[in-house]
Every structure is written in C-alpha cells, then in structure tokens.
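Should a chain be cited, it is by its letter among A, B, C and D, assigned in written order, with residues numbered from 1 in that chain.
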Amino acid sequence: MTEVIVLNGGSSSGKSGIARCLQAVLPDPWLALGIDTLIEAMPASMRSSPAGVEFAPDGQVSVGPEFRVLEAAWIEGVAAMARAGARVIVDEVFLGGAASQQRWQKALDGLQVLWVGVRCQGVVASGREIARGDRVTGMAASQADLVHQGVVYDLEVDTTHTESLECARTIAARVG
Amino acid sequence: MTEVIVLNGGSSSGKSGIARCLQAVLPDPWLALGIDTLIEAMPASMRSSPAGVEFAPDGQVSVGPEFRVLEAAWIEGVAAMARAGARVIVDEVFLGGAASQQRWQKALDGLQVLWVGVRCQGVVASGREIARGDRVTGMAASQADLVHQGVVYDLEVDTTHTESLECARTIAARVG
Amino acid sequence: MTEVIVLNGGSSSGKSGIARCLQAVLPDPWLALGIDTLIEAMPASMRSSPAGVEFAPDGQVSVGPEFRVLEAAWIEGVAAMARAGARVIVDEVFLGGAASQQRWQKALDGLQVLWVGVRCQGVVASGREIARGDRVTGMAASQADLVHQGVVYDLEVDTTHTESLECARTIAARVG
Amino acid sequence: MTEVIVLNGGSSSGKSGIARCLQAVLPDPWLALGIDTLIEAMPASMRSSPAGVEFAPDGQVSVGPEFRVLEAAWIEGVAAMARAGARVIVDEVFLGGAASQQRWQKALDGLQVLWVGVRCQGVVASGREIARGDRVTGMAASQADLVHQGVVYDLEVDTTHTESLECARTIAARVG
C-alpha cells in the first residue's frame, strides 16, 4: 500500500493543485503537507534572513543553516506521521535536486513511497506565476529544470498541457 | 482610449488570473476590481443570507434585495473611478446574463468599454475548482454557460486550452 | 443620516476589526472599503515601486505619483458609491495627516460624514503587529501619531485598552 | 531544556498571536504548528463531513472517526519533530478537555513540555471573533471554558486584559 506520495516540482508548476485533486479523487483521506506549510510554521524573521530562507528579487531562493535544522526535523516528523498511519502527500521543491531527494529517501526508509515529478515548461510556469500574483517573479523560471536534476521518479506528469485533475487521476492510478 | 475592460465568465474560468496578467502586460497602471471585492466588502452576515448572497451546497448562487442595493451603488462607484481617470478592469460573473450586462452598460454609458467573454468548458472549470480547493463545488459547472446567455462581447477568450497570459495578450492587443 | 464613516488610524491600530464590528452592530448593511482594498486592486508591480507604494524594511511607507493618480480616482468612486445609496465605512491611513483628510473632504462634499480617529499607543500597536505576523515590522510605531497630525474628528476611540466591539458600539451610537 | 510549548485555548482566545510573539521573543527558532495547520492539510471534503470535522451554525464543532485517525498520526509526527531537534509551539483547542491533553501527553512522553492555558473571557473572545470576521460565530463563546476542563497547566495567561506580546514574554520567562 502506498503510504507517501512525494510531488516534486518548481514553483507554479501546479503541485498544490494536483495535491488537492489527489485528495478529492483518492478514496481514503490523505494529508497534504508541503514546503509552504513548513515555511509558514517558521518564525517570520526566518522568512527573510540568510540563516533562514531568502527570496531574491530575481526569484532565486537561498536557504541557510537554521532552515536546514528545522527542515530536517520536519522531514522526520512527516515520516513519523506516515508510520503512525496517516497517508501523506508531500508537496516539495527539491532545490538541491538529487541531494534533496536523498534527505527524504533516508527519512522515509521502509515506507512505500510513490515519487512523482511534476513538470511544467518554464515559460508556461512563469505565465502562471504572473496570473497568481502572489509569488516573487522569476521563481518559476529559475526552478523549472533545476529541481529535477538527478531526481529519480516512479512517474512524471506535465502540467504544461494537462489539467491538474487529469494529472491527479494518472497518479491515483499508480497508488496501491 | 479604452477606459474599462469588463471580463465576464463563470467561477473558475480564469478571470482573476487574466486580470492580473493584464495588469502586468498593459503599459499603464490599471485597477482590478470585481465581484469578489464587492462580496468581501459586504457585512459577513450578508454572505450567507437570503437578503444578501447565498451559496447552496450544489454551487447555485442566489442573490437578494440587499445585495442588489449595494451592488447598484458599487457599479456606479466603479464607473465614477473610470470617469475620474483610473483605468479599470472589472472581473464579473453575470449570473443574470444579458440583464446583468445592461446594469453595467447603463452605469458605464459614455465610457470606452471593452467587453470580454472569458469562456472555459464546464468540465475543465470544474476540475480547476477542485484544484483551487477554496470554492463551493458545483459553481464552475452551473455558471459555465449561464453567465454568457445573451451577453454581447467585443472579444472572447477561452481558457480551456489557452493560458491566462496568452489570453491577456490577446485582450491587450485590442485595448486602445 | 450618516452616509460615510471614515476610520483613520495607523497600521495595527485596529481599524479593520472595528469596521467589521460596525458592520455587525449597525442595523443597515454597510460596505467596508479601505486602503488595503485599493492596494490589492493595484498592479502587483506598483506594490513595490517608487512610482507606486514602497514599504521600507523599517516600516516607512512612501507613495509615488502613479499611486496618487489611482488613489484620487478611487476616492471619487467611493464617494460616488455613497451618493448612489450605499452606506460606506472607509478604513484609512492618513499618512499625510491633514492633507490626506482634505482629499477625502473634498470628494465627500455634501455627504454626511462621521470622522473617527482610531488611536492606539505605538508600543501596543507594535506588539499587535508582531502578533499578526503579516505586516512589515515598524509600520505600527512609525504611523501611530503621524496619521493624526492636524486631522479633525467628530469622535475618537482608543483601542489600547478598549476592545474593537466596544469601540464600534461607541461609534454606532453616533451614527444618525 | 523546554522542547515543546503547548498553548491550549478556545477559538479567538489569542493563541496564534501569542505563538507568533513567542517566535519573535525566544532567542532560538521555534516551529509553530497547530490545529489549523492540521485542518488545512486535510481533504476539503473532510472539513464539512460527519466523519471529519463539522462547524455548526451555532459554533459547535464536532469531530468524527476519520479526523481522529489523521489527528493521532499528526500528533505522533509533531512529537517526532521535537525528538528530531525542532523546538515546537503547538497551538491547540482541547475540545475534549483532559482527554485531549492525555492524547498529547502520551505522544510527548519523555519530552520537556511547558503546558500553557490561554484564557479569555467568553464575552471578550466573542467580540474578537466578530472583529476577525472569518470564523463561525459562536465558537469563541462555546469553547471559552470547555477546553480547559480538567486540563493541568504549568502556566496560565489571560488575554482578556493582557496583550499577546506580554503573555508571550511571561511564557518565554518560563522556557528553559
């Protein structure tokens, strides 16, 4: 039985929409947690400091040591939720590519995980970033390819020409 | 010179995203105001009363006399903003079709208005409604065709297969 | 009959909470509109540009010429809503003190207006700014006294030691 | 060393504001997680179903079996985050009083926990609920006393007459 679904993709690639659609189409209740949940849980001061996370005007995101400490504990906690019986959809941005995936792989060891790459052409994701209006411009473009470097998936979906709900159905068909 | 752009479409058809993209691509600064702004400005009690506006569990929206009074004044006010020199994008849901358009036409009399229909196939809009996760399910489907009945446009865009930014560029090309 | 209530106070002084309480205690439906509504309606790019509005890291807010143009039209439009029959609560931050009030006075000429000062000690407003977590730190302190300079009120309330609902009841008692 | 701070109080008692102030005044970075985070992570359909959580028009909140399953796993996960090195502020509403506390006590066994009661007179919390404008009316009143029944605290604060920041400082003084 699939216990964790990890959705990895760049900003504005459509991960959160797919997560909500997955919650709607999967028969069991799943928790949806993600990098946005973690950042929201951090002190406000860490959302704009070199030790925490910084969003440059050009959309570059950099992460510091205090962020890493809290993130490591967060990952352990999400894994523990899955071990305790919650099925969990993780909505992530692997800024470090393969290295980011390894952090999660280590924590999720022994759990049945479905690794899903959520792709979206940079130019399309950039347009959606403008349409959302609440994100730093440039994140979508700078992350579109970066986050997939060296990452290994069970399944990839592409929201460039496919709706979130259809992507969710494709993923749901692979959930055991 | 175009002074007002009216975007009319059903819930989850993509109007707000197009409005934000229009603000980004048009050279002058435009205000974006819409039915959501009006509802937000109303007393909380009116957002769930027969005299105000009611959202039924199946997505049907009904509007009462107190809503109509405030809405009429709101429309006059938005027209006055345009007459006072602000270029305005209006993001609307013409639940009453042609009758709704006439309300706006009357208030905007003498102004240069670009009427834009924002279409989206009901099944696609319904999927996006699920992906958004913050709307009453069923609104998208019930409004998809209804809001266009008898409405006359200068231009129509369809977000079913076209991105918001591309729709915005099509509209911007028609802005004088 | 009072047609417009203008609430003027610094950031985190409690204006929006009082506005919502006024909507709940006043027998008629009132629209609540404010500076936050206007800023939200502006293009995203104007929310961080010298021509629009800029929020410095120390909480100073500066406003440029494009902001002024849209604001002037906005004020005219809100006045027109009141003339068209909507009773309106305006939630404002008079960064220019008396000069800001004059802008509104001119537009609201002929309407019955209740001018309300919403005071809150700077140190208390600063604490509430931290508790909210979504505002630039320092705005509350820098605006606490500034926004009242030279402004003339019919009534003043002080949220330092008085709840929003009680302030709203005091104001409502003066609404004709 | 205090590893977890549990803030328990009724709706609109001021817990979230205190949590944000604690994050600002405590020298180390703390994660703030709470019942709102959990509800947000659940499928939209569970936020209005007997099996999930239901908010009655009078403010009564009832919780069903599917909610309990996800909540139990969530609690385990938050405890695991603390064991993995994140200091965590938990913002909770013990609808079941002592029974709710026992669920957390069991999960947090072995960790240094500071149990904090956040009190607010029902009539004041009800007024703040109106001022917030985004909560079901009646929750504040119905929960004000209920959530403290049989719960044992290391420390209690009361936001009726004390600001969030001052409450946070009182709590911070007890954090080892």
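One rule holds in what follows: contacts are C-beta pairs under 8 Å (C-beta built on N, C-alpha and C of every residue); 3 or more make two chains touch, one makes a residue touch a chain.
Quantities reported herein were computed from a predicted structural model and do not represent experimental measurements.
For the interfaces A-B and A-D, the C-beta contact count is higher for A-D.
By residue number, more than half of the contact pairs of B-C reappear in one of the listed pairs A-D, C-D or A-B, namely A-D.
Where the sister copies chain C and chain D meet, the same residue numbers recur on both sides for over half of the interface positions.
Ranked by separation of Cα centres from chain C, the top chain is A.
Inter-chain centre distance (chain A to chain C, centres taken as mean C-alpha positions): 39 Å. Chain A and chain B have centres, each the mean of its CA atoms, that are 32 Å apart. Per-chain Cα centroids separate chain A from chain D by 27 Å.
Multi-chain contact residues of chain D (touching two or more other chains) are listed as 20, 24, 44, 133. Of all residues in chain B, only 20, 23-24, 29-33, 37-38, 40-46, 52, 66, 69-70, 72-74, 76-86 touch chain C in the complex they form. Across the complex, chain D is touched by residues 14, 17-18, 20-21, 24, 124, 127-128, 130-133, 163-166 of chain C.
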